[in-house]
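Input: structures, listed below.
Okay, so subunit A shows up in both of these, paired with subunit B first and subunit C after.
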Partner chain A sequence: MGKLTIGTFASLVGSYAMDFAVKLSEAAINKGHEVDLWLSGNATMLSKKGQKSFQDYSYHLKTIEGLSSTGRFNIATCDACSEARGYHKDDTISCCKRNTMDWYLASCFTADRVLMIGGD
Partner chain B sequence: MKIISFLSHYRHGADILERIKTTKLGIVFVGNGIYHVGVSENGKPSPLLDKKDVSFYALIDDIETRGFKIEGIDKRVKPVSYEDLVDLIFNEYEKVIWL
Partner chain C sequence: MKKKIAFVIKSLPYNRETSRLGLTHAIASQSVDVYLDEGDMIEPVVCFIGDGVLNCLKDQQCMKHYNNTSMETHIKNALLVDLQVYICKEDIERFGLTKDDIVTDAQEIGADKIAEIVPFDKIQGIMEEVDHLQFF
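Let's look at the complex of A and B:
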């Protein structure tokens, strides 16, 4: 088994790149691998507390919490990007860390594969 | 080096693929990149598919989301699932690109 680091600089929740990153993470975890998911830019909104699930809307909270419970999935959101968007530590979902980009860099160096998904 | 490249756009990104020099190249059509395998323009399929020594894949979820049928896509392209993508990333290729 190996470790996959995904950095997503995707658009807001509902963007294709965000959906892809979460689904690929889920497939990798289900195959026994380890995944680090880094959220930057507008993708940080994925880690905001209080998101509601509506039909035909992307909603990943349950998936992320489930993946986190495996102990092989780490998700972190960029502290600066989050603060810049006006939401703070206490407004972040519990299974998501808040870090500087050092976390993402360190994760890339310990990964077997790295995928960086740009904005869309 | 063995590189797998995701192509998530129909109108741009393909030019970058022309410039990649590698021992093994796989191109995975995802998102709107799927139109490369599903539509023709002026009666011709995507010129990208004529590229030599490349393995082509397309994500099944995205093929079907856009209303194409798996059996209807270009024969040079292999339909894959997310699970297949994980195996390709870990077992067949070394570096991953997103375009």
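Let's look at the complex of A and C:
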């Protein structure tokens, strides 16, 4: 089994790039792979507490909590990007770490494949 | 072990934060050691192609108008920490720009490294040789 590192920059709501990143993570985990998902820029919103499911708005909280429970899915959000958006550490979902960009690069180092999603 | 990662920046500056994130992630390679085993290292390479070459224009006024660090300053910081920076020659010419319009050094802050303006073939070669390739 391999390790996939995904960097994503797209917001939770506003495009389907984040949906794709989460679905790809889920597919990889279901196949037995390990996945690191890095949230930077607007993507930090995926890790915010208190998300609610509304019709026609993307909602992935339950999915990423389920992925985390496998022990093969690591999700981390950019601390600076989060703070800049007024979203602080105590407002982060429990399965998500807050890290600096070098965590992502280290994840790239040990990954078999690296994908950047939603960087446009 | 050393792994090369290319950060290929093709987005316009100041439209979205994409190009800035590309460059700041590359610069973050300077502090990645804390997460790696001894002897392991990342060698980042930054390439500006397409519309992304406009990130490299001289005399940007981002600090004045938005109170944010300009891409010009980020590029100079990248050179200061000895990152390899390549800028696509054909794309510069496509915008009617010359080398004089482009940031290629940061001597005023003590950087020895120079950003190189190179043909796209050279950048393509870099993209083919790196371990991981990321587009911003």
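In this text, the second predicted complex is superposed on the first by the 115 of 120 C-alpha atoms of A that agree within 3 Å, B and C clash if a C-alpha of one lies under 4 Å from a C-alpha of the other, contacts with A are read in each partner's own complex, and residues count from 1 in each chain.
Following the convention adopted for this analysis, a residue touches a chain if its C-beta (ideal position, glycine included) is under 8 Å from a C-beta of that chain, and two chains touch if they have at least 3 such contacts.
None of the values given here were measured: they were computed from a predicted structure.
**Student:** Kindly say whether there is room for both subunit B and subunit C on subunit A in the superposition, answering fit or clash.
**Tutor:** With subunit A as the common anchor, subunit B and subunit C both fit in the superposed model.
**Student:** Once the shared chain is lined up, is A:E65 touching subunit B (first), subunit C (second), both, or neither of them?
**Tutor:** Neither partner.
**Student:** Tell me which partner A:H33 touches in the superposition: subunit B (first), subunit C (second), both or neither.
**Tutor:** first
**Student:** Put down the vertex angle at subunit A formed with subunit B and subunit C, C-alpha centres only, nearest 10°.
**Tutor:** Placing subunit A at the corner, the angle measures out to 70 degrees.
**Student:** Go through the superposed model and pick first if A:K23 touches only subunit B, second if only subunit C, both, or neither.
**Tutor:** Only subunit B; A:K23 stays clear of subunit C.
**Student:** Identify the partner contact of A:M116: answer first if only subunit B is touched, second if only subunit C is, both if each is, neither if none is.
**Tutor:** both
**Student:** Using only C-alpha atoms, work out how near subunit B sits to subunit C after the chain A superposition, in angstrom.
**Tutor:** Value for subunit B versus subunit C, nearest C-alpha atoms: 6 Å.
**Student:** Show me the subunit A residues, by the header's touch rule, that subunit B contacts in one structure and subunit C contacts in the other.
**Tutor:** 114, 116, 120
**Student:** With touch defined as at the start, can you tell me which subunit B residues reach subunit A in the complex?
**Tutor:** Interface residues on subunit B, with respect to subunit A: 6, 8, 30-32, 61, 81-83, 85-87, 89-90, 94-96, 98.
**Student:** Subunit A touches which residues of subunit C in the complex?
**Tutor:** 3, 5, 11, 17-18, 21-22, 24-25, 28-32, 34-36, 40, 42, 44, 132-136
**Student:** Subunit C touches which residues of subunit A in the complex?
**Tutor:** 7, 9, 40-41, 100-106, 108-109, 111, 114, 116, 119-120
**Student:** Residues of subunit A touching subunit B in their complex?
**Tutor:** 2, 4, 16-17, 20, 23-24, 26-28, 30-31, 33, 112-118, 120
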